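Next up, some structures in structure tokens.
Look at the two complexes coming up: chain A is in both, with chain B in one and chain C in the other.
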Partner chain A sequence: MNKPALYLSASSTISHQPTFGNPGFSAALGPVETSSVLISPDYKAYIDAGLLRRMSKILRMSVACAKDCIARAGIEQPDAIVVGTGLGCLQDTEKFLNTSLTVEGLLPPTSFIQSTHNTMAGQISLSIGNHGYNMTHTQNTLSFEHALFDASMLLREGDRHVLVGAADEHIDMLEDIAARLEFKAAAPLTSGASFFVLSSENGGNANAELTDIYTVGGTENRQEEIDAFLDRNGLQAGDIDLALYAGAPVQGAVRNLDYLSLIGVYPTASAFALHYAVDVLGANRDVRNVLICNALRKSNLGLTLLKAVEA
Partner chain B sequence: MDSLKEDLKKQIIEQLNLEDLTVADIADDALLFNDQGLGLDSIDALELIVLLEKYHGIQLTNPEEGKEAFKSIDTMAAYINKRKAA
Partner chain C sequence: MGVCITGIGVVSAIGMSVEENLNALCEGRTGIGPLRYLQGTKASLAGEVKASNDDLRKALNVGTEYVSRTSLLGLQAAREAWGDNKRSGVIRTGIISATSVGGMDRSEVFYKDYLAQNNPDYKLLTTHDSGSTTERIAKELGITGYINTLSTACSSGVNAIMLGARLILQGTLDRVLVGGSDALSGFTIDGFRSLMIYDDQWCRPFDESRAGLNLGEGAGFLLLEGEKSLELTGNTPICNVSGWANAADAYHQTASSPDGKGATLAIENAIRRAGIGLNQISYVNAHGTGTKNNDHSESVALQNVFGDRIPPFSSTKAFTGHTLAAAGAIEAVFSVLAIQNNLIFPNLNYNMPIVGTGLVPATQLGTDLEVNAVLSNSFGFGGNNSSLVLTKYE
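And now, the complex of A and B:
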């Protein structure tokens, strides 16, 4: 039985690249520089000043992207909010733990409250006054795919619009940890947040259709998994006009692009790849099928298949 | 005393992320928890208790003392001096 189509009605990304409020960015994006910094919008345009001062980087990125996305989709409220994050609110966690080392009495309440992984979804909900389903998924490098999977199920159960996204933030300590673990990242360690409105109907503003998502942990046969996934969707590798990959290229795809080289490394970078894919599909009629192949962690595989919206 | 008040203003700006304020914007007698002053709230009060221990080594455990101490920069400085002298 064919699954009903799901549409990406709006997308928004804050990153180390000029992605925010910049449709068509995919055409001009070069490799991310090691010395790059987060390109932040004027957050006061999106977040009340009283709330803003308490928000760490990841919360500001998430709430601003979420609000931008909802405005672009032209909806009042999403039926649900689903967020993926690999490492959660690191700035607040670090602040809370550092204070606990030096202070014996009361510990800082703000960083304690905001150190949990579900703070982004919660703050988005509070910021827009949403009382719907609110969920956070944390599954290492597959956190975003799991959030997307959850959003898809909600839409197939009757929701009309789901706000789904992912965010992770860089703190200096990650560089120290990477050095101690002798982890050599494929690209600079960065921060990023990407949010989307995923809809059960195309309101006329969708550039892309989400065809399928698949995740698997502990896999040793990446290419076999990809081939089987494409087969289940009636496709072959040669039908993939663009494969956005982290890890290794997709054999047989018309074009491969390493999305980590564009955005840097963070656990939910595949959410940026989704925005990139939507942007490409919106701008280029020659691209019909895009596969996002997330093997940022070698043993984890996330596959997201998109196709152009039929005119 | 004046340098203590200056330090307190810097520490409050940092601890509470009052990004739009500078030391010069905070009057010594401005009411911290009043909208005409800094407009702080109950979570900020807890952050001020952390600030007192973190920067001045003073643990404030009696809420009644806090009410008086956190009225303004003047009262905070006076409270710190009183506790250190005790």
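And now, the complex of A and C:
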């Protein structure tokens, strides 16, 4: 089946790196430092001060990225809002868990209200007054890929612009848990949010086309899956100018880059990889095809294929 | 042919199987009572599944202790819906589950010891993330490939069914097991108590005196198949998934709008998608949590859509309690049972209509109407509103 082209009309990332409001960032980006912290924009420019005070890190990042994206895409409202998150609102979850075990009597509800995984998508819809389709996917390291796949389905069903993104937040307790569970992270544990406007047509502002996206859970044959995916798209590994990977490099690609070394480790770090790919495709005419190969968790594989916008 | 339902499974406070749930619904027997298995909470009443984790693990033949109750309940319902279907190299099969708490029932055991510095077992946290609850169910059933989890609070279960139907219609999958699962936890009980919408008495959906919800737990799963899958499995369709819609209320993070905007959109669009007339809806399985806010907003939405010709409706939450992400899936199974058996389930504990809307739900088991199409509503936190239309297979 020949799928219609889908366009990335806007991208926005808040992370431990200078990614926000900084097109062309990919050219000079070095490895993320262990001592790095989240680089926050002036949130008051995006979020009402009253709301901002009650918002955790993941909510601030998500709402600011979403608003920035919508402005960059030059649209009034997206037709839908789709979010992926691996671990959800950890800060508020831990806070309410703590409160409920230590406080007697009446408990303040705010952290409970903001602990559910759909708080990001809900807060975005509230802050822009959007009544469209509103969805939250949470499938471990593939949460963002599932959100992106849902967004691409919506566009094939007739939507024109979908706001799609992902976010995960770091809390101090994760360091302790990772150490105790002997989780050997490939890079520092970090926070990050990336949002995009995915469109069914190019309004003249698209830097990249989303060619295909595929997820597989419980897989043992990573290489076979990659070969079959490229084959379905009429490509071979040698046609991939840049492979952005988590886990293991893509054999045969012209160039491989470990995106976790740039952004750190969080379940939806592949959303940053998408922004990075869009940024490269917008700046570098020699790069035509980019493959994001997400095997952050070995048994889960996410493959996202992008290409430069046809002139 | 569209998308067909060929298998159903359910576990809730009123039974461990479809048959037990149907019997309780027909007999008007609630499953809400004092908690027996989950200790140390402040809830006087809840819809607890009548089995311990050990009972469930034994019955399901799950060896490891590092498994959340959410996964165990989900597996119980998913196995029943899957029945004796076989894995296939030709039929592209997926699974979508919905959960709001994930493995919180285990995480809070850890966190209590962690705070007390009482030798906490960090391994309990390996089942915390919501995605892992579905991965566990998929693994036990031998499903690989498309494995996904949705979390849109109390509308999650309906969204899983909706996504499954869309994946079949777009040709991504041939069949998909869809549903939702949530276990009771101190976290959610305290959460709803902090919002002051947890009723210490038996919940009373759509009644003027309603004062909040009782939480419940459980899981519901449905096997959806498209044309290609049906040809190969030879399964007999029970119902069609005909209409669905998801809309954002965009009014408040937890409360529903007084004009029922999001709910109205979801109901209208789901019926439009089903391509049937308003007068063809035989029964509405309402969200009806028993909170002041939801039941009023949902009543207004029903009036917005149906005017003064509202079909027979009821909430089954006074049977099961509010099972959060599982609710939409459990109630979809109940909606299938309504169609299969031409039944309208009673809304327990109703006495007085809500002042201002005046709607009267069905209070007796209805057996004398043909039930061809059911609308099932699920509305949640974050303004996530979803509706589903199921119709008799033709």
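FYI, the second predicted complex is superposed on the first by the 311 of 311 C-alpha atoms of A that agree within 3 Å, B and C clash if a C-alpha of one lies under 4 Å from a C-alpha of the other, contacts with A are read in each partner's own complex, and residues count from 1 in each chain.
In this text, a contact is a pair of C-beta atoms (placed from the backbone, for glycine too) under 8 Å apart; a residue touches a chain by one contact, two chains touch by 3 or more.
As the structure is a prediction and not an experimental result, all values here were calculated from the model.
Trainee: With everything superposed onto chain A, say whether chain B and chain C fit together or clash.
Mentor: Aligned on chain A, chain C fits beside chain B.
Trainee: Figure out whether A:A49 sits in contact with chain B (first) or chain C (second), or with both, or with neither.
Mentor: first
Trainee: Counting only touches as set out at the top, which of chain B and chain C does A:P109 meet: first, second, both, neither?
Mentor: A:P109: touches chain B and chain C.
Trainee: In the superposed arrangement, does A:L101 touch chain B (first), chain C (second), both or neither?
Mentor: So A:L101 only meets chain C here.
Trainee: Is chain A touched at more residues by chain B or by chain C?
Mentor: With both complexes superposed on chain A, more residues of chain A are touched by C.
Trainee: Can you report the vertex angle at chain A, computed from the C-alpha centres of the three chains with chain B and chain C as the arms, to the nearest 10 degrees?
Mentor: Apex at chain A; the opening toward chain B and chain C is 70 degrees.
Trainee: Working from the superposed arrangement, determine the closest approach of chain B to chain C, counting only CA atoms, in whole Å.
Mentor: Minimum over all C-alpha pairs: 8 Å.
Trainee: Just to be sure I follow: which residues of chain A are touched by chain B in one complex and then by chain C in the other one?
Mentor: Residues 102, 106-109, which sit in both footprints.
Trainee: Where on chain A is chain B touching in the complex?
Mentor: Listed in rising order, the residues are 49-50, 53-54, 99, 102-110.
Trainee: For the complex, give me every residue of chain B touching chain A.
Mentor: Result: residues 15-20, 39, 43, 46-47, 49-50, 53-54, 59-61 of chain B touch chain A.
Trainee: Can you name the residues of chain A that touch chain C in the complex?
Mentor: Chain A residues touching chain C: 1, 81, 86-88, 96-98, 100-102, 106-109, 112-119, 121-123, 125-126, 129-140, 142-143, 146, 150, 153, 156-157, 177, 180-181, 215-219, 267.
Trainee: Can you tell me which positions in chain C touch chain A when the two form their complex?
Mentor: Touch residues, chain C against chain A: 100, 102, 107-108, 111-112, 115, 122-123, 125-126, 128-132, 134-135, 138-139, 143-153, 159, 163, 166-167, 170-172, 186-187, 190-191, 193-195, 246-254, 261-262, 265, 380-384.
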